[in-house]
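Think of it as A, B and C in the order they're written, each chain with its own count starting at 1.
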Amino acid sequence: MGSEAGLFARQTETATIRSRRIFGLRPGEFLRKLLIEALLVLGAVAVLLPLVWMLSTSLKTMGQVGVYPIQWMPDPVMWSNYPEALSTIDFALYTWNTVKVTFAGMAGVLISCSLAAYGFSRFRAPGLNVMFLLLLSTIMLPSQVTLIPVYIMFSKLKWVDTLKPLIIPSFFGNPYDIFLLRQFFMTIPLEMDDAARIDGCNPLQTFWHVIVPMAKPALGTVAIFHFMYGWNDFFNPLIYLHHRENWTLALGLQGFRQVYSTDTNLLMAASFVAALPCILLFFFAQRRFIQGVVISGVKG
Amino acid sequence: MYRQAGLSRRHFIELCAAGAGAALLAACAPKATPAPKEAPAGEAAPAEKKAEAPKAAEGQKVLIFVGFGTGTSESQIAEETALVEECNETLADQGITAELMVTPHEEHLAKFSAMLAAGTPPDIVMPIGVGGVAELYDTDAWLDLQPMIERDQYDMSDFYGSTVTLHTYSKGTLGLPMAVYPSFMYYNKELFEKASVDEIPHAWDDGNWTFDKLVEVGRQLTLDSSGNSADQTGFDPTDIVQWGYDESWMDFAGLSRQFGATSATGISDDYKTSLFDDPAYASRAQWMSDAIWKHNFVASAEMAQEAFSLAGDPFSSGMVAMWHCHTWMMGQTYAELTFDWDLGAMPKGPTGVVSAQVDADTFVMAAAGKQQDAAWEVAKWCCSPGILERFALTWGSVPARLSGKEIFLQTLKEKFPGVDEQVLLTAIDYGDVPNHEAWKPQPAKVGDAVGAAMDRVLLGKERDCAVIMQELDKTVQGYLDEYWAQKG
Amino acid sequence: MERTQRFRMTPARREALWAYGLISPWIIGFLIFTVAPMVTSFAMAFMEYNVIQPARWIGGANYRNLTIDPLFWQSVKVTFTFAGMSLIPSLAAGLVLAMLLNAEIPGLSVWRTLYYLPSIIQGVPVAILWGFVFNKRFGVLNWALALFGIKGPGWLASPQWALPALAIMSLWGVGGGMILYLAGLQGVPTTLYDAAKVDGANGWHRFWKVTLPMISPVIFYNLVMGTIGTFQYFTNAYVMTDGGPDYATWFYNLYLYRNAFYYSKMGYASALAWVLFLFVLLLTLLIFKSSAAWVYYEGQLKGGRG
């Protein structure tokens, strides 16, 4: 770690010039952070512009949507679009179905994928590497071709037109999250595992007391990713859910499209409401999980 | 750093089990028997009758798949659901219950194929157009209804003659006519008035109304932002705010009939030869191309995307004076148009032909369906006089029953006062039989190729349409040859 | 003397049992939900199957046909072009963004949410939204370009600009990769940075010698996932352009989907799927092989995977 000594000619600052400090920072430091903030603002504007358009459109009448030059402020502001959109499709029912699918899926994924990733990252066993390659290869096959055989299987189980095909598979792990967690687990130093083992922990205890606390950012990420996936998944609900009583939100949003036209303003309003849970979840979850525990060198 | 609690492992496993159990419970919670949520407007059936309807589990359940054509918007679903409820009341004594299953149109094939592959096909598909039938025609997915028609001596005389043949194929009669969508010319009366141009004729046999006249009128009605029309000097073709004519939603091969093409599909009757090398197709494409790039009264692909994508269709944007299209919009959308409009006839082509392609919707039954007799009863009910008209009106079409004409005319008069509905009805006589959507080998691939050719015309990459048609002819012939090679 | 006929539980065997026990749910799911369908689809590739009628064996005809199929080659061209345009920029953008956010600036959670916001709203409504963003006249993109005096092209309506449009759209989801990079960056112990500073390393060297190696597992993940995802690109092309205009956005997966469900050629679609699968597998193996040289795992087992 200290092996780079001698390679650098530049000296670290030894003579600190007692210059003015701006916001408690040295000028160079302040400038740097200001520059970064400026870049971030620019980037954020670019990234958020389509979303702003989406919000603006959701409050317009259809006649106003395509006006050129772009009118960012709707006039009149159609607050009524929101209740109208929410009542056009059975929003509450679809949301409830989606909640069931998403939360159950999250539980399934967290349990099965963390255990599997633990197995892949912390153990040696014959054939384990081959297993891991097989795991990855499953991501590479386009889902369209496994669609029909899987559908037939679920159909024989009589699970079609229920939420089961959307939930049960997550309890068997999914390659994306196993891969992700395995990568993160492998950044956790082995010494901690060894310490736990010496103290008499079996592998599951090691998992619970060592790995899980240190991998909280990764686990939180996986939970959030799966939430997003389950919340927005369109194709699987399309294929497996027949009756509209069972539809999820992503599927239900199609109700704003007709064969020849789309109620764009209502669709944008409904999409925004549909995305709200994800947005809120993310904002609050990141404080708890991803706002990571920066390991400041205290190891054991 | 960590606790070594003796029970920690058990706790962990218990926690996981509890979480998993709760989740599974949520997933497997029994659902109430599906009851339609949408309260149908004007539902006549009294509440008591519903309690007597047989439970779904006892009787025969007929599944109606909606998604091959129109019928998937929320308002249409509400009306269709109401109709299905009435059907269930009527057929309750036979123990038959019909159920609606709606799929977004874009994905209908994926869903239908999956269900069919699993051996659980829907019993009826409704509405489905000629094109929809063609999508799976070659797989023998649809049931020949002729035996049942003859067995029940079903009266076919009340249907428009041409519509019956549209659903009759070499594999049999696959559907009963339900809805017809003739095409004609919509025109924006206000734009005509503002430009002081005479309105186009409503009579379909007006000899003076030709495609050349259409060019003339179209140019007069195309304006740039300074108010110049396309036939005036100083007209800026890069800055058009109003176009005289549009036909971008029409099928190209169908349109070519107007210029004397013999086949509305572009394929020969024996399905072995591509006819796109026939000069009629090239000249029709050239007319389209010149209309955009030479005479400047039709919007190119880029202009159309800019101007029309939000309105949903070119005509309702209010920026197109004349629009050749089907009745599709008159089901829902056009009731809300903000300008005065009317219907006119299509012009006569250079070979003297007046042609306006039609679409036709029907129902089909899955050949692999498990309860064909029950499905047939449901289908017959849907096609019965008085009921068929209601379906047809929901879908924005003319009911295929001659006896339904009165109801249709009345509804039209109420919904669109001031519109000449006679144009619409006469248009049916100028329709294309065999239909432009009729089956041809590899219908989707050929359709893609024709679409790409149209893209090239509308994008203006190639202005010589004879070249475009030659390439199209070669491509399509290749697909036909490929198909027959596989068969042989 | 006891006859030890019992299975001897050596430490190595115990470890192996634990490993397989932990991954057993995945193995079961793998066998049911993946292997069986994969085997079926592999067999389907040698058949002519329209999903409705029974399949017919035709040997390698599907594979032969795709070599001479112009639509196949068009889809390959489109997909590779897109990969070139979007993969590396997306990866780099995510990392740069994460590094900026990691610089101890105020309002971190707000920034993180703002940048991740686009990735939260997914699916068909997003595709529709972007269809309007790309509109030549009233779209947001051309409006922004006009602020700089640039007259934007027709984007999705233009054969030259449709693919770049989709590439730009893929950059919008930069927040997804950023999140992962951030999580990785925050796992880098500050002691390393301190030690490096003491040794006289400047910012660039710290980045190159400390940051990059420590987050290389995350980079590896994003690279593999990004590669696989790019070659499977489907939804946006499907909703926004449906392969057009004039086959300009004729993506491989889109062509596959059309074959499976519109052309009723499930056998041919399966062959296409397996070609894609083998190609991506090869590419991923290459990335894996190379990873030994540049991916560093703090918690790597001796003799384990690298």
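Throughout what follows, a contact is a pair of C-beta atoms (placed from the backbone, for glycine too) under 8 Å apart; a residue touches a chain by one contact, two chains touch by 3 or more.
These numbers come from a predicted model, not from an experiment.
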Topology of the chain contact graph, where touching chains are joined (line, ring, star, complete, other): complete
Chain pair showing more contacts of the two, B-C and A-B: A-B
Approximate Å spacing (C-alpha centroids) for the pair chain A, chain C: 14
For chain B paired with chain C, centre-to-centre distance based on mean C-alpha positions, whole Å: 37
Separation of mean Cα positions, chain B and chain A [Å, integer]: 39
Multi-chain contact sites of chain A, meaning residues that touch two or more partners: 65-66, 147-148, 171, 254, 262, 264
Chain C: positions in contact with at least two other chains: 51, 132, 135, 137-138, 257, 260
Multi-partner residues of chain B (each touching 2 or more other chains): 110, 113, 117, 309-310
Interface residues, chain C side, partner chain B - complex: 48, 50-53, 131-132, 135-138, 154, 156-159, 239, 243-247, 257-258, 260-264
Residues on chain B engaged by chain C in the complex (per definition of touch): 106, 109-110, 113, 116-117, 135-136, 138-141, 301-302, 304-307, 309-310, 368, 442, 444-445, 448, 451-452, 455-456, 459, 461, 486
List of chain B residues in touch with chain A within their complex: 1-4, 8-9, 12-13, 16, 19-20, 22-24, 26-28, 31, 34, 37, 69-70, 72-74, 76, 99, 101-105, 107, 110-111, 113-115, 117-120, 309-313, 328-329, 332-333
Residue ranges of chain C touching chain A (in the complex, touch as defined): 12, 15-16, 18-23, 25-30, 32-34, 36-38, 40-41, 44, 51, 97, 100-101, 103-105, 108-109, 111-126, 128-130, 132-133, 135, 137-138, 140, 143-144, 172, 174-175, 179-180, 182-184, 186-187, 189-192, 195-202, 205, 209, 214, 217-218, 220-221, 224-225, 228, 232, 235, 253, 256-257, 260, 266, 269-270, 273-274, 276-277, 280-281, 284, 297-301, 303-305
Contacting residues of chain A [partner chain B, same complex]: 62, 65-66, 88-90, 93, 100-101, 103-104, 107-108, 111, 147-148, 151-152, 155-156, 160, 162-164, 167-168, 171, 196, 199-202, 204-205, 208-210, 213, 235, 238-239, 242-246, 251, 254-262, 264, 300
